[in-house]
Amino acid sequence: MYKFTNDYSEGAHPQILKALVETNLEQTIGYGEDKFSLEAAELIKKKLGRNDVDIHLIPGGTQTNLIAISTFLRPHEAVIAPLTGHVEVHETGAIEATGHKIITMEGTEGKLGPADVTRAVQAHTNEHMVKPRLVYISNATEVGSIYTKAELTALSDACREHKLLLFMDGARLGSALTSTENDLTLGDISVLVDAFYIGGTKNGALIGEALVICTDSLKEDFRFHIKQKGALLAKGRLLGLQFRELFRDNLFFELAEHANTMAAKIQDALVALDCPLLLHSPSNQLFPILSNQIISELEKSYSFEIQKRVDADHSMIRLVTSWATRESAVDEFIADLRKLL
Amino acid sequence: MYKFTNDYSEGAHPQILKALVETNLEQTIGYGEDKFSLEAAELIKKKLGRNDVDIHLIPGGTQTNLIAISTFLRPHEAVIAPLTGHVEVHETGAIEATGHKIITMEGTEGKLGPADVTRAVQAHTNEHMVKPRLVYISNATEVGSIYTKAELTALSDACREHKLLLFMDGARLGSALTSTENDLTLGDISVLVDAFYIGGTKNGALIGEALVICTDSLKEDFRFHIKQKGALLAKGRLLGLQFRELFRDNLFFELAEHANTMAAKIQDALVALDCPLLLHSPSNQLFPILSNQIISELEKSYSFEIQKRVDADHSMIRLVTSWATRESAVDEFIADLRKLL
Amino acid sequence: MYKFTNDYSEGAHPQILKALVETNLEQTIGYGEDKFSLEAAELIKKKLGRNDVDIHLIPGGTQTNLIAISTFLRPHEAVIAPLTGHVEVHETGAIEATGHKIITMEGTEGKLGPADVTRAVQAHTNEHMVKPRLVYISNATEVGSIYTKAELTALSDACREHKLLLFMDGARLGSALTSTENDLTLGDISVLVDAFYIGGTKNGALIGEALVICTDSLKEDFRFHIKQKGALLAKGRLLGLQFRELFRDNLFFELAEHANTMAAKIQDALVALDCPLLLHSPSNQLFPILSNQIISELEKSYSFEIQKRVDADHSMIRLVTSWATRESAVDEFIADLRKLL
Amino acid sequence: MYKFTNDYSEGAHPQILKALVETNLEQTIGYGEDKFSLEAAELIKKKLGRNDVDIHLIPGGTQTNLIAISTFLRPHEAVIAPLTGHVEVHETGAIEATGHKIITMEGTEGKLGPADVTRAVQAHTNEHMVKPRLVYISNATEVGSIYTKAELTALSDACREHKLLLFMDGARLGSALTSTENDLTLGDISVLVDAFYIGGTKNGALIGEALVICTDSLKEDFRFHIKQKGALLAKGRLLGLQFRELFRDNLFFELAEHANTMAAKIQDALVALDCPLLLHSPSNQLFPILSNQIISELEKSYSFEIQKRVDADHSMIRLVTSWATRESAVDEFIADLRKLL
């Protein structure tokens, strides 16, 4: 049984484990102020081409979202998010649990555009309603699409016009940035958004997301909030070492590229077999629509999520590749698809 | 520079790292339902001698405290904690951030007794005040003391009489249970408290605390709360594997015992040198009172926390040993102490 | 300039003011335990035909909603509400500010049915999502419609099937219950829902809503929550006296009936003039669609809310009548309408 | 049975009720933007001698405290309050329920001084602890004492030095300002604190506190928070009219002065009878220490709170006078005291 269920089925890239083993008995200070964490932050800044950002390493994605958003907002301020946004659908109301409403907008292919933002702002006119203040997007999105530089620039402009913060969930930022369709750099993003995170968990780390705060007014006292929400690891070195390895050279990008290549290979096969897809995916998540019978056949050898019923006989499934996806497994899967389709 | 600063200066016990490396490419399902996490829970239950508890693996201690407490309480209910309690002093108001007041009681040597609890209850008489509902203690305490079975039984009885939940923070439970002065077992604790956690981070794990919920009415839907607070790791295997290793045989206890032995060795030397101590410590934390001059001398070769000024010329420091403390470092430290005292 | 803007443009019914004046210098105990509040609760219970409910008098509607909902729910539980629900649209995120997500369902004419509830429940399948637990409805709804006994019974059954609490916002319950189309009694409601409130502010009181808790498990310690949210008035007599007057005889119902009669008169005129309406309203709110030119003319003598643009030339307005609406003003308004339409 | 239990046993001053009756059928707009509320704000500003403050009328004291404090603070910031502070003791954890810790300091006679503030700040050194940010005081205090201009100036200077906000709970500000020992004006206070409120409920209003925000940075979007916490009354006129009457001429001060005069009369009698007092009270609350036997005798004709046991035979009681206290009742009480003491 091979899993295409998600991009966190395996442990960490071996280079990361090796670093953990090698440094294991070095004594470091705690709570993210160890030399490995500092080194990781420096390496990420170098990739961004900027020194004037704050970088915080946080164990998980939901945690990063909830800490950043609840720190950035005052109690009456709300989040604008796409209907498919991870914070809206899959985080057990974590944002609302910190007191903030999420205003959902339909968007297009999981993305928000300037018109969505403007409409949300215009619908909130006085103190009987929450005040929209932060736009939450993800790149790559929950449905596998990515933002072009033009799209992100237009959205960023709209946010600034309406005095909205722009926050990018980058749980799958590696996949977005190494997509063959991508024209954004880490540096571009740091200029266009107010804060974003670089996802480690779904790209080769055991745990860890690197939050990058770009806007000065959001930086003050941020570590208090990490601690208050229980996310300041005593052994912060565990996060530092992982990001040091990912960003020392190009490991972070190489791993993501592998995931994309594996997804593209499957997608090409599906397209060649005339299998309909939710959208042509530029990243590591595919959403093909298959007959329930074929799905049952595939489930004998592979595991994946069934996303939703499309009609009486068809469903949409989700296939996810990762840094660890074995090319031989992909080849077998394609061969099996060819037999079935 | 050798650190006696805390018990999380190093990485993980090598056996844990070995297990991570060996299982790294096995595909598992996410969010704590992987086979390693299930195995760890079974092993812990076996050590407890009980099957009717729920076990949840959570990355950190502050997080475990805040999730458990905010899940167990209704909005008007409050925590009773010792003045030195970790939740009161060192968690950036994490409990209050979930909406609950902490009522502090002085206690004795970091511990609460039945009289403390009764007094707190009696001081809260009507709906203009919060309603005390949960007693938070830690074992070992913040000042290194431990609960005897008689003490914990008396406290437990008082809690039941006043319809209070009893929660034990076990960040250093390993050290308490392997103390030469201890007469409690894991099984005893599971009967006397409503929930407690077994600390991994301070006893050889990279991260991880094992929350044990003993009382049935507290169990329902607990995983929702872990997720909502951002503590449900995608790669839950990281927690599962560590606790599997710690509890497969007796590693958890062996590591804690080493820490205690190292602390006892230092304490014996301090006592022999007539150095005053905050209390005679049965666990891995010592609080000697030294002249500022000697402290300065020691700081040239060792790092530790200065806890507080005692008088113009003296301060209390904290020395912490761990599973990783090198006996040779302890011997050198003692030799240096002898030269100075 | 006569206001049809809302049902809280005037002060209180004169009988209420008279009672305030007459009892003014009687000394009473505070915080809702005065004799007037107790008397009011008894009178309401008599109207309900039940003694086994708890009644709490609370200053305002948003406050009643937020206190009840946050008291009834555990942190991971969510509210299901219609898209037009007051808690969703017009309370500045008050529910989310207490930590709970609102799941919105489209519904029909501002009402929810069993199918809406079932769909909401089915969409929330595991601990990565909030757990639906309470269904929020209002009667009359935000768009002026009311629930029939059959509709409320069907919804109540669905809630019980799915273990959901049913909560009715009764800010305009007087208008609903005295509608010519109504077949529900206060007693019926108390059996079909878990809690509801009887709105005073919009039906002749200065302030005040009477929350009725019908389900035993929701009653415990409720006054703690009223106090914690700042809603326990020192001079609780102000609430008690008003509800005593409203429910001593039939004042509450007489006032609401007047509002309905006035609205019906306007509605009949609009229908006779072929003016389209959002829906045929059985209560004290009307939503006619008029040309912008006619609206401008009307605004010279009357004030009302413009709800939304319908097309380039037309908008929907809201007309609200109340216990205090002068029939002569209604007649003039109808006469003016006839001239314009 | 005459009540000296508190200062909210009666309704409102008759002039206030008269104004409610006279304006009852005037139609006004809702939610605190009515002409009476605007007029009240102007009148208060005139008494303050300042136009550059924001004034918000809020139904109750706990509500005003919790809205102001939760609006002014970021999530990691804490309140410093005296051990006897109303927010600490008698508000059911309302502040903690909004997420903020209260740091208590002993203070002197219910008051905080610069040294208390400095000590609290110095004890909070890093991100593992909350960050003190707002000092909460009340004037008059919970034990009846008042701040002198010199004391408030010194405290204000200390707050500014430590970048702390200073907030004054003025539930009994009338009594403080009309004390024979007072040397502060409303204008002085507005310069020395960042925000304060002028209590109406305990000084002749049915409900209502006037929050005065003096510091510009605290003003933005404040009405959103009033609404979110359920404190924006639909019929805001009820608050506006009351404060218009209280501040149109000098009614507010005359009422408070009466309360003080009545208290002084009782205090003089107690002193003449050598009865010990918690402190010599300059305001409308007295805390005499009496034998339990005398207390029992007094309870036959008067009602008051027994604050605490002093020894086996003595207890401290609380006597409160108000704008409505009848001088004849005071005289009888004194006569009865003379018989008993």
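By letter and in written order, the chains are A, B, C and D; residue numbering begins at 1 in each of them.
One rule holds in what follows: a residue touches a chain if its C-beta (ideal position, glycine included) is under 8 Å from a C-beta of that chain, and two chains touch if they have at least 3 such contacts.
Since the structure is predicted, the reported quantities are computational estimates derived from the model, not experimental observations.
> Out of B-C and C-D, which chain pair has the most contact pairs?
More contacting C-beta pairs are found at C-D.
> Would you kindly say which chain has the C-alpha centre located farthest from the C-alpha centre of chain D?
Measuring from the centre of chain D, the most distant chain centre belongs to A.
> Return the distance between the CA-based centres of chain A and chain C, expressed in whole Å.
43
> Approximately how many whole Å separate the CA-defined centres of chain C and chain D?
34
> Please compute the C-alpha centroid of chain B, do the same for chain C, then give the distance between them in whole Å.
Taking the average C-alpha coordinate of chain B and of chain C, the gap between them is 50 Å.
> Could you list which residues of chain B touch at least two other chains?
In chain B, residues 75-76, 91-93, 97-99, 127-128, 130, 224, 227-228, 232 touch at least two other chains, as defined above.
> Show me the residue ranges of chain A that touch chain C in the complex, using the header's touch definition.
Contact set of chain A toward chain C: 75-76, 78, 89-93, 96-102, 127-130.
> Which residues, counting only chain B, touch chain C once they are in their complex?
Contacts found on chain B: 31, 70-71, 74-76, 98-99, 127-128, 130-131, 221, 223-228, 232.
> For a test of understanding, state which residues of chain A touch chain B in their complex under the given definition.
2-3, 5-6, 8-12, 14, 17, 20-21, 23-30, 59-67, 91-94, 97, 201-202, 206-207, 224, 227-235, 237-238, 324
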